[in-house]
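Below are two complexes that have chain A in common, paired first with chain B and then with chain C.
Presenting the complex of A and B:
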């Protein structure tokens, strides 16, 4: 019996807790991408850099707040900085919309043109961010680091396996839960949310029934701004901020959005968790896990690893290809790309 | 009146055997990318040698020499080649110092240096493959190959009493070469390796990598990666999950940013990097500090790389790469007067007078075989949250 508890703790420590946090960060990112796709009808490659921009503002605000001597220990100062970062990101997005995206919207250009425009915006933002904050890694987690440490857990429970939960991981999951719930409530219950969904379903019909397109677009960017700055800040809080990484983050985020069904908010959120968990489950070495569960003489000699971690990157893309082949609209009926 | 001015001018021109010219040396380093925190010190090292020679006006009959920098990025070989191309074709550099990481160095060597016949001296590219790669005699390095480092590293691990190790390496020329070389040397010495797994640089999340390493187990985790990249993050994950407490840190991890992040958490972790206790090293470090620069690993090797290029130019009596490439080994090795950092002007004079120099420099340069440093190593350990040098070997 104790062996089974040990095996479960092992999985929780190495797969479930980290993947829940990573999955939440991907889910928030994918939700932002999916909303842009649903309402504005293009794949926004600049999303990673928008997240990075939000994080940058958070860091600047954290420095300011710290210099004023304000702190909310044991919670990280980042939570105080978040509202400012959200506002700045929304202003940035509305500015970009006015200066760049609106022009192409009015021209009614092909989605592919729009996508290239977003790539341009991505490079512009990447340069801007590096110009302001530099390229070096910054850790801005100043709160209590652990809710429970592996060694403490072992002491309390007397188990052979430890379980550690970082404060940032818990914050990530809780904030994601609150934000996603709010977004779903907004989309399904409020009048503005309903008009957004109508606009997404059929633009012309929505216009005929008196929905103001400008209002819908502005609200979409506001929501995307909230999602992106929160996702970016949580990610940076959990893993350290490095501008370079946010560019790479776009790939798993897109994979998550597409696997879940692009344009479908529920699909985006679940897609984030699916990508995070599949990466961890497939590359995990089950040697110790099995050793707990099977009789001693059956204990495996090798690592019992399905795929070496070098191929971790490939997992999300294999998944993506399988989903696109079998169910091109994604698991939750989005649009085809 | 005109004649009076003209005569000394003619006399001066006769006195100098070579016509003074503007010489450009390209410095191509990974200013952005996974090793960006190390690049500034390397750049300052190379710049210092160039400034020293420029100030003395001793190179090739008072020629002016300037540095042109470029970003080789470390991980993005296409960008490294584009930068090299710019340095050679647009800036017309005479030779290149760099590139920084092994993959970028090989790409620039094959894509830019060889087609254009430009000499390249790297102070930090350590992949074993660069010893055997075709280079038309154009490539040298003041850092030793990882094949040699791995022998030393495996020896240190054994001496410290470790029997089983887990290895994670950054999946590029540097990491892969170092990882497998440590494995083969360690196993040959009677140790066991529980896992030897690669990790990609600049990934969003490393929990899966850290989990696989933790499951394999081992007394110590060898992190053949980059301090500011995946290597640092894997240490973070391993500490958080409680899977490893001590880490073996090769040169890519020997950065102050690592100890700044982890502090006393990684006390007792150790490793080794190219380094020397030759008097040149101390001289270089004090000169470097006087110039207001912050020292970091390989700064001295880059000082030496730039110095070797200029000494070879002087010995060849020409600033062109095709002439100087044959003289790099001569100025680096015995016989000749030993030259330490800060003595470049003296060396230039000796060479101009037809003498011979044996450049020692900051890193005790002795080029062997295919034009690479034989290498001396410094062993360090994290004590009280800081890297402390334990001994030289």
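Presenting the complex of A and C:
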């Protein structure tokens, strides 16, 4: 019996807790991509860099706040910096909308042209971010590091396996929960949210019924700004900030959005968790887990690992391909904001 | 009509002359070695953008994984040219072949099942997945110990299987084939679905190709690099000791060492030029044929073209594969030029999105435009460092000499080239979406 509890704790420590945090970050990212897709109808390649931009502003604000001597121990200062980063990201996105995207919106260009425009924006932002903050890795997770340490957990429960929960992981999950609930409430209950959904469903019909497209687009960018800066900051808080990682993060985020069904917010959130959990389950080495569960003489020799950890990104790609092959619209039908 | 055509020809010549003038300025004021180095990479970039131009300019396909296809070409160059490591083959070569054989068998069974079970809904898919999964697991039992043995064989100097020891020029074709076969699989899955899926799938496969190259040490030595890949041109050392070369460099009045460097670079330049001109000729021929007109018809109006009985999806697949093959050739040429295969140099901003800037700036839908774009953008990518440093110098002028902020910005100034390229791309898309040399639309009117 105790072996089973140990095995479950092992899974919780190495798969469930980290994947919940990583899945939350992906879910927020995918939600942002999906909203751009649903309202503006293009795949936004710049999303990773927008997240990176938000994180950069957070880091600058954290440095400023720290130098002023303000802190909210045991919570990380990042929570104080977040509102500023959200505002800066929203300003950036509204500026980009006005200077870059709106022109093509009015021209009603094909989605693929929009994608190239977003590549241009990505390039520009990548240069801007690297110019201001450099390319080296930056950690900004001050405050209490652990809610519960593995050793403490072992002491309390008397189990052989420990379970550690880092503060950043808990914060990630809580913030995600709050933000996603807010977004869903906004989309389903408020008048503006309903007009966004109407616009996404059928643009012409929405225009006929008096919905102002400009307002819908502005609101969308505001929401995307909130989502992107929060997602980026939480990811950086959890794993450390490195500009080029955000470029690679675009792939699992896109995979999450497509697996869930592009344009469907619920799908995007679930897609994020699906990607995160499958990455963890497939790259986990099950040796110790099996040793707990099977009789001693059956205990495996090797690591019992399906894929080595370096190929985490490949998992999201394979899932993407599988979904494209059997259900191209995603698990939840896409394009219904 | 006739006069505008003449004008555009004169304009074209002028733009190309300006480009070569810029290169000559580099030659005179910086160094001829640098000028040839830039020129060689310009040629390779031009070939890559020629391939992407086929996909984007003539078919409207967005390939976000150029980096992956270039890396596949590079792998081919390494595998073809390096001598095999006999010890490693003895240690685990047979098991590797057996593992690949198991993959092939399970692939065949899966393919057969897919055909047999057609029309039985989801069952078809699950059986195929089961077979592929089983094949993978069985192959791991064979492959894992073999990989360990291979990587343990003289890890500091080899630790991988090596290549085939064939002439490297052969690899240019093989690199193209390798890239084409990967493009075929990706295209088969994503073409025919929504247009962004191709972009995302190619983005994904390119990242994964690089991850594989970085981690599968038995194949590529991973991040330890493979250096000393044999060259198709003479080595500087041999030239310097050759009597005829000493005499001729004396005749030209250039130092032997400098002359040998220039000579080797010129050899590369002429090889690359031959490939570029040959590919350009092929592309021009293809695109002025009925096939090319069909491609443009499909691009301009898919629905009309498919109503005329053209199979849009399979035409798209065709041109996607051809374009990727050209990128693969360029990738193999790049590794040939470098003489080493290093998976860490492949970075999406440099290898995927910069090529996009080349195509857009040069003029999508025009082969000469794509080539010019390759030249101009690569030239500015190199020289943007000077522009970036100058900008930083002006911007930080009010700051004091010892300011740490100033030091920081000077250290990150090279990153400004990304910003400049993004700006160039956005400005061209907005104000000159047809590029420097617009597509010829002579059959209108």
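Worth a mention:
Note that in this section the second predicted complex is superposed on the first by the 333 of 337 C-alpha atoms of A that agree within 3 Å, B and C clash if a C-alpha of one lies under 4 Å from a C-alpha of the other, contacts with A are read in each partner's own complex, and residues count from 1 in each chain.
Note that contacts are C-beta pairs under 8 Å (C-beta built on N, C-alpha and C of every residue); 3 or more make two chains touch, one makes a residue touch a chain.
Being a predicted model, the structure only gives us computed values, none of them experimental.
In the three-chain model built by superposing on chain A, chain B clashes with chain C. Once the two complexes are laid over each other on the shared chain, residue contacts for A:248 go to chain B and to chain C alike.
Of the two partner chains placed by superposition, chain B and chain C are both touched by A:313. Applying the stated contact rule after C-alpha superposition, one finds that A:117 touches chain C and leaves chain B untouched.
When the shared chain is aligned, chain C comes close enough to touch A:42, but chain B does not.
In the superposition on chain A, A:22 makes contact with chain B only, not with chain C. When the two structures are aligned on the shared chain, A:214 is found in touch with neither chain B nor chain C. When both complexes are overlaid on chain A, the residue A:325 reaches chain C alone and has no touch with chain B. Looking at the shared chain after the overlay, A:135 reaches both chain B and chain C. When both complexes are overlaid on chain A, the residue A:107 reaches neither chain B nor chain C.
Chain B runs into chain C after superposition on chain A, and of the options 115-123, 151-159 or 277-285 the stretch responsible is 151-159.
Shared contact residues of chain A, touching chain B in one structure and chain C in the other: 130, 135, 244, 247-248, 308, 310, 313. Of all residues in chain C, those touching chain A in their complex are 60, 62, 64, 122, 125, 129, 144, 189-190, 193-197, 199-201, 203-205, 207-208, 211-212, 214-215, 347-349, 353, 356-357, 360, 408-409, 411-413, 415-423, 425-426, 429-430.
Chain contact summary for the complex, chain B toward chain A: residues 32-34, 36-37, 171, 195, 197-200, 202-205, 207-212, 214-217, 228, 232-233, 236-237, 240-242, 257, 261. Interface residues of chain A facing chain C in the complex, by the touch rule stated above, are 42-43, 45, 100, 103, 110-113, 115-117, 119-128, 130-135, 244, 247-248, 250-251, 254-255, 258, 302, 308, 310-311, 313-314, 316-317, 320-322, 324-326, 328.
If you check the complex, the residues on chain A that touch chain B are 13-15, 18-19, 22, 25, 130, 135-137, 139, 146, 149-151, 154, 162, 164, 166, 235, 239-240, 242, 244-245, 247-249, 252, 276, 279-280, 283-289, 303, 305, 308-310, 312-313.
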